[in-house]
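Here the chain labels run A, B, C and D in written order, and each chain numbers its own residues starting at 1.
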Amino acid sequence: MLLFVTRRILFALALLLAVSFFTYMLFAMLPADPAALTCGKNCKPEIIEANRVRLGYDKPLLEQYWLFIKGFFVGRDYGVGAAAFSCPAPSLGYSFSQHECVTTLIARTFPVTFYLSLGAFILWMTLGIGLGTIAALKRGRWQDRAATTFSAVGVSLPTFYIGLLVLFSFCIWLRILPFPSYESPFEDPLSFLTTMILPWTTLAVLSAAGYTRLTRNGMLEAMNEDFVRLGIAKGLRRRTIIRKYVLRSALVPIVTIAGLDFAALLGGAIITESVFSLPGMGRMSIRAVVESDLPVLVGTTMTAAVFIVLANVVVDVLYGVLDPRVRSK
Amino acid sequence: MSNSPLLSVSNLCVSFNTPDGVVQAVNDVSFDLFPGQTLGIVGESGSGKSVTASSLLRLNNSVTSTTTGSVQLEGRDVLTVDEPTMRSIRGQDIAMVFQDPLSALNPYYTVGDQIAEAYIIHHSSATKDDVRARVLEMLKKVGIPNPEKRIDEYPHQFSGGMRQRIVIAIALINSPRILIADEPTTALDVTVQAQILDLMLDLQRETGMAIILITHDLGVVAEVADSTLVMYGGRIVERATVSEIFATPTHPYSWGLLGAVGSLDTSTRGHLTTIPGTPPSLISLPTGCSFHPRCAYAKDTGSRCTTEVPELHKVSGTSSSSACHMSDAQLVSLGARGDTL
Amino acid sequence: MTKRRIIGAVSFALAASVLAAACGGGSDSGGGDGEAKKGGTIRILTSGEQIAHLDPQRNYTGSDLAFAGTTMHRSLTSYKYEEGDAGSEIAGDLATDTGTASNEGKTWAFTLRDGITFEDGSAITCADVAYGVSRSFATDVITDGPTYAISYIDVADYPGPYTATAEQQAAYDKAVACEGNTITFNLKNPVADFNYTTTLLTFSPVPKAKDNGEKYDMNPVSSGPYKIESYEVGKSLVLVRNENWNADSDELRKAYADSIVYEFGLEEATIDERMIADAGDDQFAVSEGIQPENLQTIFENGDEALKARSVDYYDPYVSYTNLNNENLSCYEVRKAIYLALDREALRKAGGGPYTGDFADGFVKPALALDYAKSTMPEGYNTDGSANVEAAKAAVAEAETKCPDVVARAKSGLNFYYPDTPTWQKSLAIWQDNLGAIGFKLKPEAVEPSQYWPTVMNPETDYDIARGGWAPDWANASTVIPELFTTGGGFNLTRNSKDADYAEFEGLVNAAKVNLDRVAQGKQWQELNQYVVDRLWALPGSFLKAQSIWGSKVGNTFQWGPFGAFCFGNLYVK
Amino acid sequence: MSATFTDTATLASDGTVGVVIEGKSPRQLAWMRFRRDKFALAAAGVILFYIFAAAFAPVICAVLGISPYELDGDALNDFGLPKGAFGGISSEHWLGVEPGTGRDILARLLYGARVSLLVGFLGTLLTTTIGVMIGIFAGYRRGKVDAVVGRFMDLTLAFPSFLLIIALTRPFTQRLESLGVPEGNPARLTYIVLVLATFGWVYVARVVRGQTLSLREREFVEAARASGAGTGHIVFKQLLPNLWAPVIVIVSLSLPGYVATESTLSFLGLGMLPPAASWGVMLGDSVKYYRADPTYLFIPGVALIVLVLAFNILGDAVRDALDPKADRQTL
């Protein structure tokens, strides 16, 4: 098991290196000129050129990539003369449009994204597994139809549409929630909750659909297993059987997928964060796209990749913990 | 064998509402089971034998199935008792062993946990150590080598035969009075089959429980059962002791079955025969005797076979009962000739 | 994006004078109602992710200038914090008066007040102002700011304070000299209205010790009544009282509110809803404008309370369409395009009459001296509808005069537009209208923030591009030359190869040096007509803007020079 | 003891129900079961209706005398909002008109369906084809091939796909155009479909790979292999037919997802170019009119919900119909 985990982590590191390389190359191929961004709207070509040389954007791509990687480990210097400054390691570069080191920006926006993802995750798992269980237990009856229909409606509409509908409904028509205005949960827990409840719901409604289905199908499959019949024949209570026999075996694949989905969210729920004005990493990255802010784009992409890869490792290990059949292999 | 039955099934009918229509899976089935008796229920797939067995534990889908008749277990009707009572019957009075040991065990828990679970349900006051001791004892009893180590292993670490032994251990840990074994050996290798059957008989001798053995294999019945029910199309078509069914089968379907048995005494029956045609659809059973489309003798009795459902009646000259319109004499003579199909 | 923000990205222009009294509907201002009082928190709601630049030397666009100037950064002079025409007059701010010119306008001197301090309590010295101005020369670090200091001040090859050699710095210190409390600017050429230039925050002080170059944008030192408590891009900027600001030293800023909170990154639809709902803290809020789709709700649904806290006014901008005169070198084709346009439909797509009035040129009526009604091309419908017949006639004429240009128009004109929903609809109207006379468009959708850099790139081969401009101050000298001469900062018409261009440029240059303001105005009027007669660009609308504020905000007048609130003087009722 | 009865068409081998129906192939059975599901039939009807409406949009519009491009300024008030109640619904414009331009919403909905369904179907087709092929390949060949494919899948999954889709829209659309894809909407459509497939195939492939791994161990595949059947035969005759159920579930989930992605891109200004209509463009445009013209807000939304719901119901029904163990135990 230890060997397995070590191997998995080593592979993850290699994977991250590959991702960083592809990301860097992909974005470097974009027509946007990162040097032009360093000097604003009314910039003279000679200044752009000077900044290009200073930031190393004149060098071959591979060398630029090397500077990026090096910067991550030893930090990187920017600016000139008396106005020089540096982004210390682990440096992902400097954003000239936000006047901050990318690492600092990510450190600031990531918690928001994390809270958003975590809350949504808990909510959608509860919702999805709950609805899926009901649907499976009441298979073919109205509860089943209602649960699957609800989840289908949730997944059918684009995020921005659901998000805005939810926002309008609760903040304008019903007026039971204030307009979202993000506050850290440690500073103003109440405001945090009232702000986050809608984005959580939006994301949860979107993702719950898949989990409702997975749970429903997984449970129905499990119900057909002989071991469930044996459980009944043993004289076990219905609740025990559902919990220990049916849900348990339906949950194993769900947990693994959930881990990956959660990680994907950590890369930034772009639309949700925009609709609800949450200062998270997703909104920052979409802004970076619009402004062709390459360092931020590479930084957020890499951060997202780290979490996805990390989740892969965790999921693999978790799979082993959850399923004895995998463990002993 | 005592004279008062342990379990008395009368007029059991089970039907299922399926999207394809109503399936009459079990029709008017009655039989008694005595302590220490081994009753074999034989039939093709879809004959209703397994549904009959699961009705005894109320394992049929409660939403889609309808069950009528009565299943008397010591004055209680299994079909109508409340759920808690039913739970106490399950595992304690009546236990069950399934066909496929590979899928009958929960892959996420150790075998020890699964055996223990069966015990704890009915012995809620037992201490942890008691339970473990009891589980180990059971493991030994069903012939698991090195039980102290294997008690904490997971099902996938066991072979098929070993798993079936564990399923039997689960079934027998509460010393039930009735064990229903639904095709317990079908999924196993031939050599393992015999071991498992021997094990069941050994344990029966030890505990005096009654066994209902569901099988499509007359060879198995011949080896372990005392008496036999032959089912076809949801009905019992013949009831006989094991010796009689092999000596003088009294229903054309039984003749077919015996013709299809390749083992037992290969010297006398040199070749395999099969019954022509296919088992009937339970949704639209043939009218009259449901076996008539496949029966070589149906023409002999005029139109009765196609219009009238034959009653299960005692065949004079034997102790068997048969549901066939042919005369008893014909049945006895044809059956005795062994010249079946 | 709001109209304002798209335009804001365009022109770096400041509008002096103009507007105010010209207001259409809505109540006029919230200046007079009730007594202004201290305390409370004013909120500003915006869809922007941050203030473009809070660094005084980098701050430029209208609303940002109005915000930073009234709260944090004092300059040498300032527009008066007044409603109406008075708001376009200037007064001394850090300086005791509006400066003294000598040497025929080539030397300007300003004397600093007593008691002016930075937020740490240290006195603002002449050196701090000189240092601040010097920063604006470092265009590789201090980007996006106005470059007037560089073009006016008499110093050669000065790279700004960060990389200057000792000699370069000495040369600068000679050009911008400090003597006690007096700062003297030596200019290359006479600049009669240099004291208007010094209203720009380029002329704000920066303490050298606190300057960290590019990063100063996030934590500039305040010289005004408010200082930064927290500033998170994408979330909020919180300003609180600067206890070291000395009210006696400041005749302009009233600093009523205890704090001012800028909320960033809000959905535009959400902002309007919050303003309309007027609930909780939003009663103390102002926003940046009103979405076209909500104009009806606010102005014409009969909700008087709503109307009373909103205003509809002419902002300094004129919208128009740039034609590439190198490709469309044939007047008849340009005229055909103009006449074929259903300008009324285009205006509806943007929100109807509230977006503005159909323009008859490029100078707004508010520039009274420089504006005259233009004679429009024959067949032009004043109601904004298309005149397809006249347009077709123009095409027929063009067929014989310049068949190649017509052929180009029929095969497809490159139409560059910012990729926003409103422009997508406008494009559909353009396509429909030009289709009626047999012309085709090849639409090029451009990411909105990249629009101006794209079309201003000389290599971009557009035929049609949008335009919008406001005067830098109350003189069409900041309009006609800027938009239509090769030396102008925003000439997208590529008209230099036109047969009449040389004559035009001569006339412009003559007007520029005319010191008789009334006669000069006449010249601008004629030049405006000159352009309309040639249709180098197609006049669009004299734009209007709308603002709304919370029910408990006072002093909500729209400040003429900036077309924005006078943020620092807003108060909580 | 080897003799057994001839098991012909036994559905359930464990005997819970033990329904035996004579002489029907599994496909016929599935069709029978499917036909009985009223919901599924209704859903199929809805989808066919949408496809029909999309395919014949020009004809329908011609018959009704409406056009998705024709401007109608007279239907708008001074603010550019539809005159009259409910978004300007009238005998002329059955679903009202678009604010700002006065274009007919019904006509735009019909034409928009073409784009949205095209994106949905092409995206799904490409994604599923690639995913199934790679999944079977990896699962069938196992070993090294499987490992390499697996790592490649990990790499693909490691990218935050949505961010990349957005970031790469403009440059890649231009690249496609320079490669000869017709400018404008064909290029954007091609991009969307390609990029959906680039990131989407992994999800299909993962499921298919897993199923293939377990299927290839089953007796019938073993038997086929033992009897010398070629790889092609095993893949097409033995494996593929058994992969339908999981694949259909993925398809029914991903297809609406692709339609929604198109909408989101349009919302971000990266979707179809004007004057073309797509549901995404309409949805993206409509949200800001929730107060001024709520009818406009709901029409494209409802159209999309109905379609997606239909796909979900259909997907479930087909899955159930194909799954022989569909209805057995109920707890």
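By our rule, contacts are C-beta pairs under 8 Å (C-beta built on N, C-alpha and C of every residue); 3 or more make two chains touch, one makes a residue touch a chain.
Just so it is clear, the model here is predicted, and its values are computed rather than measured.
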item	value
Pair of chains joined by the greatest number of C-beta pairs in contact	A-D
Maximum centroid distance from chain A, chain identifier (CA atoms)	B
Chain nearest the overall C-alpha centroid of the shown protein atoms	A
Distance between chain centroids, defined by C-alpha means - chain A, chain B (Å)	55
Approximate Å spacing (C-alpha centroids) for the pair chain A, chain D	24
Chain centre separation in whole Å, for chain D relative to chain B (CA means)	48
Geometric centre distance via CA averages, chain C-chain B, whole Å	91
Multi-partner residues of chain D (at least 2 other chains)	14, 170, 284, 287, 290-291, 327-330
Where chain A touches two or more other chains, by residue	164, 168, 172, 226, 229
Interface hub residues of chain C, defined as touching at least two other chains	269, 273, 447-448
Residue ranges of chain A in contact with chain D within the complex	11, 15-16, 18-19, 22-23, 26-27, 29-31, 137, 139-140, 145, 148-149, 152-153, 155-161, 164-165, 168, 172, 209-210, 213, 217, 221, 223-224, 226, 228-229, 238, 241-242, 246, 260, 264, 267-268, 270-271, 282, 285-286, 289, 297, 300-301, 304-305, 308-309, 312
Complex contacts: residues of chain B adjacent to chain A	54, 57, 59, 87-92, 95-96, 98-100, 103-109, 117-118, 121-122, 154, 156-157, 167, 170-171
Footprint of chain B on chain A - complex, ascending	225-227, 229-237, 244-245, 248-249, 252, 322-325, 328
Chain C to chain D touching residues, read off their complex	268-269, 273, 291-297, 300, 342, 344-345, 347-354, 419-422, 424-425, 427-429, 431-432, 442-443, 445, 447-448
Chain C-touching residues of chain A, taken from the complex the two chains share	36, 38-44, 47, 50-51, 78-85, 96, 98-100, 105, 108-109, 164, 167-168, 171-172, 175, 178-179, 181-182, 274-275, 277, 279, 283-284, 287, 290-292
